[in-house]
Structures are given as C-alpha cells and as structure tokens.
Amino acid sequence: MQLGLVGLGKMGFSMRERLRRAGHDVVGYDRNPEVSDAGSLEDMVARLAAPRTVWIMVPHGAPTRQTVEQLATLLAPGDLVIEGGNSRWTEDQANAALLAEKGIGYLDCGVSGGVWGLENGYGLMVGGDAELVERAMPIFDALRPEGPREEGFAHAGEVGAGHFAKMVHNGIEYGLMQAYAEGYELLAAAEAVKDVPGVLKAWTRGTVVRSWLLDLLVNALEEDAELRDVAGYVEDSGEGRWTIEAAIDHSVPAPVMSAALFARFGSRQKDSPAMKAVAALRNQFGGHAVHRTGPTSGAGELK
Amino acid sequence: MQLGLVGLGKMGFSMRERLRRAGHDVVGYDRNPEVSDAGSLEDMVARLAAPRTVWIMVPHGAPTRQTVEQLATLLAPGDLVIEGGNSRWTEDQANAALLAEKGIGYLDCGVSGGVWGLENGYGLMVGGDAELVERAMPIFDALRPEGPREEGFAHAGEVGAGHFAKMVHNGIEYGLMQAYAEGYELLAAAEAVKDVPGVLKAWTRGTVVRSWLLDLLVNALEEDAELRDVAGYVEDSGEGRWTIEAAIDHSVPAPVMSAALFARFGSRQKDSPAMKAVAALRNQFGGHAVHRTGPTSGAGELK
Amino acid sequence: MQLGLVGLGKMGFSMRERLRRAGHDVVGYDRNPEVSDAGSLEDMVARLAAPRTVWIMVPHGAPTRQTVEQLATLLAPGDLVIEGGNSRWTEDQANAALLAEKGIGYLDCGVSGGVWGLENGYGLMVGGDAELVERAMPIFDALRPEGPREEGFAHAGEVGAGHFAKMVHNGIEYGLMQAYAEGYELLAAAEAVKDVPGVLKAWTRGTVVRSWLLDLLVNALEEDAELRDVAGYVEDSGEGRWTIEAAIDHSVPAPVMSAALFARFGSRQKDSPAMKAVAALRNQFGGHAVHRTGPTSGAGELK
Amino acid sequence: MQLGLVGLGKMGFSMRERLRRAGHDVVGYDRNPEVSDAGSLEDMVARLAAPRTVWIMVPHGAPTRQTVEQLATLLAPGDLVIEGGNSRWTEDQANAALLAEKGIGYLDCGVSGGVWGLENGYGLMVGGDAELVERAMPIFDALRPEGPREEGFAHAGEVGAGHFAKMVHNGIEYGLMQAYAEGYELLAAAEAVKDVPGVLKAWTRGTVVRSWLLDLLVNALEEDAELRDVAGYVEDSGEGRWTIEAAIDHSVPAPVMSAALFARFGSRQKDSPAMKAVAALRNQFGGHAVHRTGPTSGAGELK
C-alpha cells in the first residue's frame, strides 16, 4: 500500500527501505533533501492518494508535535496518522484529539529494533482503534520481523498504549543491560576468572541468561576484550525516566529499573555532589581524611 | 568415554540421559536404587576403568563435601573428579586440595540449563587445569548445546572459576527476571494497555529485550494470562546471595542484582518488620493512622 | 501582626494557636464552622486591614488552587499570600503569576514539624522576593522554633524554592526512616540480640545516628516493643514521589530515596504482580514449585 | 576502678582521658611509647590488681585476635576482657571461647561517638553475661554520655550482640548519610534554590529530619559552602559490608543500606567497568556513540 513517511533519519531511512523491499509505495519526506523523496510536507501529501496514511518518525517533543499540527492542516477526513517516534505516551491523547477534530485517525506505534531492524524487522506495539490498526496492517506486517505476526506485533490497547508499551520495553532494557553489566564487572574483578569474554560467550546457548543483548555484549568483547576503548559514560534518551515516572504514578515498585537509570546518571558525573557530602560528613564525625580536589589533582587523589 | 556420575536427581538424571544419547558409557550412582546403576559408591568406582572420571551432581554443602571425601578414599592417583553441582566457589579450593593429596585431579563446573538441558544442552563453565579440561572434553562436548563449542562451554580459569562464573550467571539471572517482572507489573497497572500478554509476545522477535526468559514469561502468560494461580512468593537457592557477597568482597557496585535478591526476601514476608517501623514512625511524628493487625484482620486492614 | 489563615485542619489549627500565643492577631477561616473565626473567606478578608497577609494551609492540589483563585478576586494590590501547604513546587509559579496580575504578592513556604510543631515550632523554608519575606518575618519568627532564626527558617530562593526545599526534606525523611527501619528489622532478626528496644534507646545519646526520628522510634517501641499492633502498611502523601521525579528531572541519582519510596509501594500490596512473574519464570525454567493462590489460601501458602 | 587499656590510637587515647576525668585508674598500653603508660603488655598486666579488667581498642582482625591470644596467656582466671574495637561480631564467639578455656570472662562492646566522644561520651552496646556487664558498669558509666544510663548504654544480648548492634548502627549510619547526601545534591541542582546551606541549617530545629549528622553537614557547609575542597571519594571501614552480609544471612531486605554501600564503591571508581559494558551495548544495538578513553583524554571525553 501507499505510505507517506515523515522523517528519514537513522530509523526512518531504514524503515523506508524495508517497506520498499516488501513492495510498498513509500513517499518519504525529510528536511534533508539528499534523502527526501518530496520537496516539502505539502508535496509529500499531494503525492498520496486518499485515504492517505502518513507515518511520523521524527524526534519526539516539539518536532513531532509540529508535524502533527501541520498534518492536521494538510490531511483530509478519513486519512490516518501513525506516530512511530519515541513520543511519551502522555502526548498521544493530545495528538489524537487534534487530528480527530479534522476527522483524521491516529495510531501510536512503539518501534523497537534499532539499527538491526532493516534486516531483522522491528518489534511493533500499537495503540488506537482496532479498525485503524487493521487498515494499516500491511505496513505493520512489512515492518515487523518474519514469523508469526503476534511474535513481533501487538495491538496493545487504546491510544497511548503503543508508546506506553515501548516505554516499558525500554525500562526493562535498562534493567537487563545493567544486570549483565554488573555481572560482567564482577567477573572481571575475580582473580580466578581468566577468560571473561569466554564465559559470556559460553552463556549464549543453553543457559537461562541467553538473550540478544548477551550476544551483543559478546560481540563488543570480541572487538575489545577489556572494553579499553569505551568510557563508562552512558547517555539516556528519556524512556527510562518516563518509565520510572509511570511506575511512580501507578505505585509500582521499580527498584531494578530505577537503579539502572540512576547508574547512568552517576556514570556522567565527574564528581558526585552526594558523595562529596558523605565524605565531608565522615570527616566531621570521625576525623576521616577527605580526598581533596584542586587545580592540579584529579578527583580521588589525596592531597 | 566412561564416566561415573554421582547424583541422579532432576539434573543428574537428565545429564546421564544426554550423555548416553551421545554414546558415552555412564555408570550412575544415587541413593535411590530405582534410578541408580550401581549399588554403592564403591560399586560405581569398581565398575570404572582407570584412569577414572567421576562427576558429582549432588546438593551443595555437606552432601557434596562428603562425596568428595569418600571419593578421595575410593579413587586412585590419576583419576579425575568434576564437581558439577551448585557449590559455592569458595569451597572448590578445599575440595581440590583434599583430592590433590591423593594425586586425584579436580575440576569445578558450573552447569546452566535447568529442566530444558536434556534437549537443549547445558551451558558449561569450568575451572581448573587446562590438561584436565582437555581430558574431560568429550563429556563437556556431549553435555553442552550443539553448535560451536565456545557458545556453550568456557574454560573460565583456575579452580573455583567455574562455580564463580555460574554464580554470577545466576546473579544476572535474578536481575533479568526482576527487570521483566517490574515491566510486567507496570504494563498490568496501565489502564490504556489492554493486552499485556500480547505486548510481551510481540517483543519475542526483533526487539532489544528478546531473550529466552522472555519466551518463558510469554509461555507462563499463555497458560495463565493474569498469573492468578501463582503467588508472588519467590524462593532463592543461594547463588544470588553469594553473588552479592562476592560483589561486596570485590567492592563491585551491584544495585540491580541486590535489588532483585531483596525483592525475593520481601516476597516471603507476611508482614515486614521494617515497614512496621516506618508506619510506627509516621504515626509518631505526624499522627498518621496506622493499620492495625489483629487476630481477625489481615495485614493492611484498617481497624 | 495581623494574619488571615485559611485552613484550620491538624496543621492550621495548631499554627493559629502558636501564632496567638506569640501575640499575633489571627483571623482563621475553615469550612468547618466549629473551628472557624470567620463565616466565609470574604468575611475573613473583610476583617483584615490593608495591606493584608493571608496564609493558605489547605490540602494541596485543587483546594489550594481554588483558594488562590478566590483570593485573587478578594484581595487588593499590595496584599500578600503565603502558600504554606504541601503544594508541589511546580504549582507555585502559576499561583504567583495569577496573583501578580492583581498586584498581589506571593510567597511559598514549606512547613515541617507535624503534630509537634505547636510546642516545638515549625521548620520553615520560604521562596519568593526578599522584600516580601522581610514583611512577613514576624509571622515566620512566631512559627519557627525558638533559637537562632537561621536554625529554623531559610529564605531558600525564588518562588517555588520553599516548596522544593520542603519536598527534598520529605524525600530525605523517607530515606532516614527506611534506614532506621532496615536496621531495626536486622536487629530483630538476630538471635544474639535480646533487647532491640534497649539497643535503639542506647543510640539516643552520643552516637552518630542519634536524631529526632530515632527518639520517636524509641517512643514507639516503648509503647509496643515488637510493634505487634502496627501493620507494615505505609502510605505516602506525594512529596516522596515528587522528589524522585525532581531527581530524574535533574539527572540526580537517588538510589536511597527511591528505595524508600518503593518499599512503601510494596508494603501496600497484598500480592506483588512482579513477584508472581518471577515465581512463574522460575517454575518455567527450573520446574521450581510455585505457591498457589486460591479463595481459601493466603498469599504465600503452599497448596 | 582500675582498667588496663590496650590501644591508644584516636579512640583509645580519648577514652583513657575520659575515664581518668571520671576518676578511674587507667593503665594504658600502646606500641607507641610516646602515648603508652606501660612498657609492654606484660608490664601493663603486671600493674593491674586481680581480678583484672582489660579493654582492647586496637584495629579489628589480626591485631585484635593477637591481643586476645596474648591476654589469654597473661591474664588469670577471674579476669575480664572487654573487646571494644570494631570487630566483626562473628569473631566474638571464638574470642570468648579462647578466654573461657583459661577462666577469663569476655564482653564485646560496640562503641560509637568518634572524635566527639571525649566530650559527649560514647554510645555503648555490650554483649555477654549480665554478671560481667554489672562488674564493668563503672567503666561503662564513665564512657557513656551523661544522662539516663539507658540512653547511652545497652546490654544488647549474648556474646557478639554488642558488635552486632554496633555493626547495624553503622549500616544505618551509611543509609542516613546517603539520604542527606542525595537531598543535598538535589537541592544543589535546583535552579530555584539559592541558599543550599541555609536550607539545611533551617532544618536543624523543629523539623522531622533534624539529627546530629545534619548538624555536621551544616558545619561542613559553613566551612565550604559548595564542598569545593572535598572529593566525592568515600572509603568504608567494613561494618557496612558486614551489615549487608548479615542482612543476607537473615533474609532481611536492605535496599537502602546496600544502596549506600554501593554508592561508596562507585565513588572510588575512576571508570566503571559496568557502565563501560552498558555503553558498549548501546553502541552495539543502537549505533549510539560511545565516549572513548585514551592516553590523553579523561574518562567521559568524546574522542
């Protein structure tokens, strides 16, 4: 079927390619003319036959919101917008309401798979009306991995449920990664263990902890056995934060997912104000020496 | 090759079967005569040709220790003992030393795979001398999953390294399970999400969080979509505790693995003494009502 | 000086009393005529001489917002509103802006002290213009504990800073309480320790952990040495949640404060969905028995 | 009464002074002749009248163990040894047994108070027989803070209970410090808050979070308002580790105390192997840039 695709970045670019390989007619638009099929959003819409389906794949927040607002003026009743970016699920209601005023349908779709999605397919979680989901199913079927539909696609629930599910997916991802990472560090710290990459590789078949993330960690260690060339500095792109906030909203204990998030925050600090306070306290009550910081000494050096 | 196998419980029984299917000559001994091949440990040893290899697969702690001690008297110089149970890695040094006095070799082997190992094979992590590892390789090759050896087997390091690696494997396992569990609870708490099992199943292909544990959770939810028939009561078998203790010994931060362990402890409490103390404190300073406990009221009911 | 005081609940009632003892002229208004000095908010305002100062002490959220809106219509330029309730700091900007349109000043004031404040005084943290803070200082001086002003009062910063500081105060409070509570549980679990209340009482002088909260825990244990009559069920009133959300907004690791919050969430669950998932997983991979739930069995009982 | 005191370091030196001020006859021994009253341990013992009481205040582990062994040969039946150092509670049984063979009594005593103990007194927690506790009470009364005995002294229980109680005291202390520290960091991160030291000082009277540790943090901030001269590098002296291990032994959830311990471990890492693994994983699945480390760049710098 025909699809307008707004946003041809790392994800959108690969998705266009996967859709085309499946025989769909994709008209992509991006501000970058080198990758764009259409000269403008108006042009892209003009090249689609009604009823149109437009997939948004731009950064979340203002860019997504502005795209929805523009499409609200460009599209016609009966058209359908699918928000496939990493939007916070709380934004979907507003998007859907805005488009509904113009008679335009709305689905939110969480997309997992990263740079591997072009070949492996993308895990898809969709929120919105069943009728609209059904209408867009050829697109979903092309994007999702091969195999039974339900192993790579879910109609998660109402508007917002797709992004909610993707958010939780990412919260879990944080926890999984941190679990492997802590285990890795402990193995690396043990004198008796001589082959850490070998141990992790031996877990990739037959064990309880085998997973795709484990495979990736094995890959990383095959490239750099002690990760010498990687700093322990980890960004986060928002979904982990939202997951903890959603857990708080729902009174759900989330000790593991929050620990993973806070570990990332900590990894980005050159020196921890909290630990300065603890060091200062120990000095106050016990006369314990503190490590001094200064222009010529690094954190942690004793003056 | 020929192998004596002591302990034919859930794990040992299946391992004998897998070894036999691979053509090995296994003489099993178990206190339970219904499953045992030999009438006694002595009998088992007598039926093996020197140099003998004996695999121990009995409960950790005293049973394993006693088996090692008995084998020290029954075996001969040049024989080899492989401790494949869930022993704490700190016990391997003593086992190895005891057997070394008699000229008997020792390997420790962590085994992962659970009830699925018979069909899928077992992930193996081995500690000890390379020469002994090489000698027992036919056994390891039969037990490990099919595929490249290094994807289901590792010579982890010195004596103890095999059990250390298995211990860390289990610590990671705790963290992974808790991560999925927290995500499951959050999905189940969200009103917008109508199909929690469907969402989890949709993650089984193409997503970042796909894993064998996820597959198992999907299985469990297919049997009981809301886990109505399962209590939130979780045992632990020791390795998780040892992992945290090892992390403490090595000054390795383990926030995720410890949170997972503590969640298990908490799951087994009918009422938490700590939370009683917090409730009492809130009552003291804020006049906040406490929930009373009594013979006819459950925890959490307001009197 | 003269003060209008809206809200005469547990906190407001005691604050009126403390202010009157200090010689201030307080006109209190509450919907409950039994405690109210004025028949209506209009009546209260009418009984104050310009420039008026009105302190709001009603539940946070809609009640506070509505009171601010009503006061915006009843008060005159040059008047001053002090929001002393447990409002979220993010609401103060809107309150201040609404009143500023009418030329009415605004301060936010975090108040700590609970039911003990009448006698001990209240810790006060104020946000807003220095000029307005100075104007209301006689009120703050009457409410705060005796002793140096700076040991019970702070001009924390801009509008919102007072409530932010109070929020963090409560987040810390959660952490402190949980730390004592965990220690209490561990002491109670140790066979060698025969006098848990005695140990805690022995910490009240001279030790590093002495505090008012410790004194309160000692009080509670003197009333009920094993806390038999208190359920481990702990409510939360919002500030702890906001603290974690603020920590997330500012990328501040908050492992202790979040653990304390999640412990409260957990304390209120009859059965944990997350731990059901973990139990189900263990059953799937290891054949571990699960504890069954049913109409006649409590959580945790083995069927 | 007369007391032999072995170990005149930071703690022992001050305790001798406090005991002498209270009129006790203290014969101190230390390897450092500048502070020692006796030329040798033998000399110290020779200068005490039977039945003797000897207080040990040397570093835990080997030094304490060796002192106990020496005293077992030097003392006589009816004498009493009090182990007041920071020994792990699990060592007390062995100490007591060794001395009991010679008819020598044993008490273990946890001592809190740090460098402030000379003036404020020391919180004391004692394990052992009631009769021996009674016999040494004049010493305990001199060391503990003034005021009711039970507010600075507890007979906690059997041998080991004193050190167990002190260990838990320290575990709580870790949690309390971390709670304040996280709150401090969050206040310091908030743009609206202009006077962080002022806010903390305003908590020192009347609030729920007032404590001696808070007073100390206020002191530290008065000396260095932004803790510019303190590195966020925090040592630990063992009791926090033992507390978590004891919690694990007793199946007591300890999320806050463990988070505080792990925060210290993390504070001492120049780069975190675990976070390297997480960064490597993100790079693998998402193509996220990693921060490179290298000879000329600090951790966290993007190459």
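By written order: A, B, C and D. Residues from 1 in each chain.
Definition applied: a contact is a pair of C-beta atoms (placed from the backbone, for glycine too) under 8 Å apart; a residue touches a chain by one contact, two chains touch by 3 or more.
All figures in this text were calculated on a predicted structure; none of them were measured in a lab.
Novice: Any chance you could name the chains that touch chain A and chain D both?
Specialist: Chains that touch both chain A and chain D, as defined above, are B, C.
Novice: Go through A-C and B-C and name the pair with more C-beta contacts between its chains.
Specialist: Result: the pair with more contacts is B-C.
Novice: Just curious, how far off is chain D from chain C if you go by their C-alpha centres, in Å?
Specialist: Centres of chain C and chain D (C-alpha means) sit 32 Å apart.
Novice: Can you check how far apart chain A and chain C are, centre to centre, with Cα atoms defining each centre and the answer in Å?
Specialist: Their C-alpha centroids are separated by 36 Å.
Novice: Go ahead and note the Å separation of the Cα centroids belonging to chain B and chain C.
Specialist: 45
Novice: At which residue positions does chain B touch at least two other chains?
Specialist: Touching at least two other chains: 114, 178, 180, 182, 185, 189, 208, 212-213, 251-255, 259, 262-263, 266, 268-269, 272, 274, 285.
Novice: What residues on chain D touch chain C, complex-wise?
Specialist: Of all residues in chain D, those touching chain C are 89, 112-114, 117, 120-125, 127, 144-145, 147, 150-161, 164-165, 168-176, 178-180, 182-183, 185-187, 189-190, 192-195, 198-199, 201-214, 243, 246-247, 250-257, 259-260, 262-263.
Novice: Can you check the complex and tell me which residues of chain A touch chain C?
Specialist: Those in contact with chain C are residues 208, 241, 244-245, 248, 251-255, 258-259, 261-263, 265-266, 268-269, 272, 274, 285.
Novice: Can you tell me which positions in chain B touch chain C when the two form their complex?
Specialist: 10, 114-116, 177-178, 180-182, 184-185, 188-189, 212-213, 216-217, 219-221, 224, 227-235, 255, 259, 263-264, 266-288, 290-294, 298-301
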